[in-house]
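In this document, chain identifiers A, B, C, D, E and F correspond to the written order of the chains, with residue numbering beginning at 1 in each.
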Amino acid sequence: MLSSTISELPTVHAHCDLPCGVYDPAQARIEAESVKKICEKVADSDDPDFRTRAAIIKEQRSELVKHHLWVLWTDYFKPPHFEAYPELHTLFNEATKLAGASGTKGGFDVATADELLAKIDKIAEIFAETKKS
Amino acid sequence: MLSSTISELPTVHAHCDLPCGVYDPAQARIEAESVKKICEKVADSDDPDFRTRAAIIKEQRSELVKHHLWVLWTDYFKPPHFEAYPELHTLFNEATKLAGASGTKGGFDVATADELLAKIDKIAEIFAETKKS
Amino acid sequence: MLSSTISELPTVHAHCDLPCGVYDPAQARIEAESVKKICEKVADSDDPDFRTRAAIIKEQRSELVKHHLWVLWTDYFKPPHFEAYPELHTLFNEATKLAGASGTKGGFDVATADELLAKIDKIAEIFAETKKS
Amino acid sequence: MLSSTISELPTVHAHCDLPCGVYDPAQARIEAESVKKICEKVADSDDPDFRTRAAIIKEQRSELVKHHLWVLWTDYFKPPHFEAYPELHTLFNEATKLAGASGTKGGFDVATADELLAKIDKIAEIFAETKKS
Amino acid sequence: MLSSTISELPTVHAHCDLPCGVYDPAQARIEAESVKKICEKVADSDDPDFRTRAAIIKEQRSELVKHHLWVLWTDYFKPPHFEAYPELHTLFNEATKLAGASGTKGGFDVATADELLAKIDKIAEIFAETKKS
Amino acid sequence: MLSSTISELPTVHAHCDLPCGVYDPAQARIEAESVKKICEKVADSDDPDFRTRAAIIKEQRSELVKHHLWVLWTDYFKPPHFEAYPELHTLFNEATKLAGASGTKGGFDVATADELLAKIDKIAEIFAETKKS
């Protein structure tokens, strides 16, 4: 249960550029899950109007994925993190590309959405490790 | 750890109005946590420019809390839920008011942010119960 | 008639979350009128590009209907109103659903837009009564 | 009286760039009324945090005034209107300036908000005349 | 090369409604160039999903063209400019219409995008003259 | 003259995520110039309301700087660019941080705005080189 999990969290994460200090890769992940579901629903439908609506919303949700990841990359991660995890730059660059025209924006392929989710999970793992230390 | 928790979740929740079916009270909670941190940081600062920036950002984050809660109320919850949980309407109305002018928008009071978080947690509990059934 | 309703209001208005005190159901109604016209225009056209544009704009206008109604529900209406008009919660919940995926967002049906307009008119009537008292 | 003006209109309104054909000066006027109320409320308050919030919201509402007026000027009014009403360009230019840095954005002066409202009313009169013909 | 040009510029221009004094017709032009490329790319593609994405993005970019032009018309140009260049009002009105439903929003015609670019260039010429004096 | 320069450009650059192929570091630079002017104007003013407006607008303009840079980093630059210019990741990360809380958002320091502009110019140089090849 997410709700119980959240209430157990000693510190929740951060994101606004005050900065408030509350960063959380879950924001990007929720949007990416949404993108995946959109692709799945389009695969199960043959209504062209539904496909159009799906395209409109997938564009927005993919953009939100990019935005949330960019915020983490710029606002949360600091030079020592990039030294400790030299793959971070490439990881973020690839993940945001995967939510763009060459990724989930460019089609309705569920496998692409899964690749995006996998990249976000790798980022989330590194994020979690940096929160511990 | 939120990141590990998320990867355990068989289905994460939903929110876009396709609808994709991915609703998650965590979205409102992350913004409300941010609002609380903003209030705490302002209490620790005597820089008037910082206070102005905090006011700007708190306004945005509180609005996001309202938006995410409105989406849950309209898009996720259905008539049978409102029958099963007759307190839901009032709960959402009070929670969104607590993120507005008479709540976290109207001041820098940490206690108000805590009240808002408590309301969101109640909503998240009901949400979790409806996901089980 | 919206126009006649509005002219009966002693003071029109209100909406920002200062709050400025200027709430007005006309904001939601104007957007819903737009949604209805979009559906009518699509019915009279067989240009697929026009239909795509209509889908894009109908999505935005429907979202604005939802937003303006949510603002009224949370920011204008107070506990005594909900006691005096126990149907208000359901009315707002149904109206916002009618502007969502199961309503005007989900198709180009003029009848659905009319249902939405009728709900908004009921809300506007109650709104007008509360302004008088 | 805005309300009386609106009630004279045989059909209300229109605004989206499909175009749906639903234009309505009431949209700009509601925002301008809000701006005026904000100025009045600030005059009655000596809370600096309230003044900051008022500045944030007045900025947004003034921008909305500008936007709604620009939409009318570009999307509703056509060359024959500009021939029939040669003052229209200046009227819109002055009105949008009055909602900008040299107008309501630049201060909390109620008289400036009244000037803005008067300009909008002049536009609304011309608008109403063009709808009749 | 634009980049080298920019570094040569003694003062770049301005646009925010503080006002900061940095206005620049390049903002509208970049968006209009984008609109033109979108039309060209659609002409070279027979993928209906690509056409839908192109419609979504063309709608946004055309709106940005309108916005950047409106800002110049209201915020940069002053009464003496309108006296010196009496064609300015019509030029801006036609340019913003060319980015709307009767222009680039309404279709994928490259020639329409070229007309829009030509209007923006005329505005940019007048703008450049007013900066010199 | 920027306007004359632009009309000489055979192809202007690109930015939307169709992608249209029109990227241009000028977008980030115009916003950063605006941020610098805002800081300068605040230094010359002792009006607290002006300072509040400046804070609001500086927050938005700095966010636009970040956004335009992120778009370049993700959408324009490709793996071969990152191999040829290994400093690019750090350059973008530092530039976007300079437009954030630890940079231009966090204060009214003109020197910080100059540092940001210098970073953008370095990015623009590399961008120009990649366009040539």
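Annotations for the structure displayed:
Throughout what follows, a residue touches a chain if its C-beta (ideal position, glycine included) is under 8 Å from a C-beta of that chain, and two chains touch if they have at least 3 such contacts.
What you see is a predicted model; the values in this text were computed from it and never measured.
Fewest steps needed to get from chain C to chain F, stepping only to touching chains, is 2. Because chain C and chain E share one sequence, their contact can be compared position by position; here under half of the interface residue numbers appear on both sides. Put simply, chain D has to spin 115° for its C-alpha atoms to lie on chain F, with the angle rounded to a multiple of 5. Chain D and chain E have Cα centroids separated by 24 Å. With each centre defined as the average position of its C-alpha atoms, the distance from chain B to chain E rounds to 39 Å. With centres defined as mean CA coordinates, chain F is found 33 Å away from chain B.
Counting partners per residue, chain D has 17-18, 52-53, 56-57, 105 as the residues that reach two or more other chains. Under the stated contact rule, the graph of chain-to-chain touches falls outside the line, ring, star and complete shapes. Applying the touch definition to all chain combinations yields A-B, A-C, A-E, A-F, B-C, B-D, B-F, C-D, C-E, D-E, D-F, E-F.
Considering their complex, residues 17-19, 63, 66, 70, 73-75, 77, 82, 89-90, 93, 96-97, 100-101, 105 of chain A touch chain F.
Considering their complex, residues 49, 52-53, 56-57 of chain C touch chain E. Note for the complex: chain B touches chain A at residues 1-7, 9, 12-18, 20-22, 24-27, 29-30, 33-34, 37-38, 41, 53-54, 57, 60-61, 121, 124-125, 127-128, 131.
On the side of chain D, the complex with chain F involves touching residues 51-52, 55-56, 59, 105-108.
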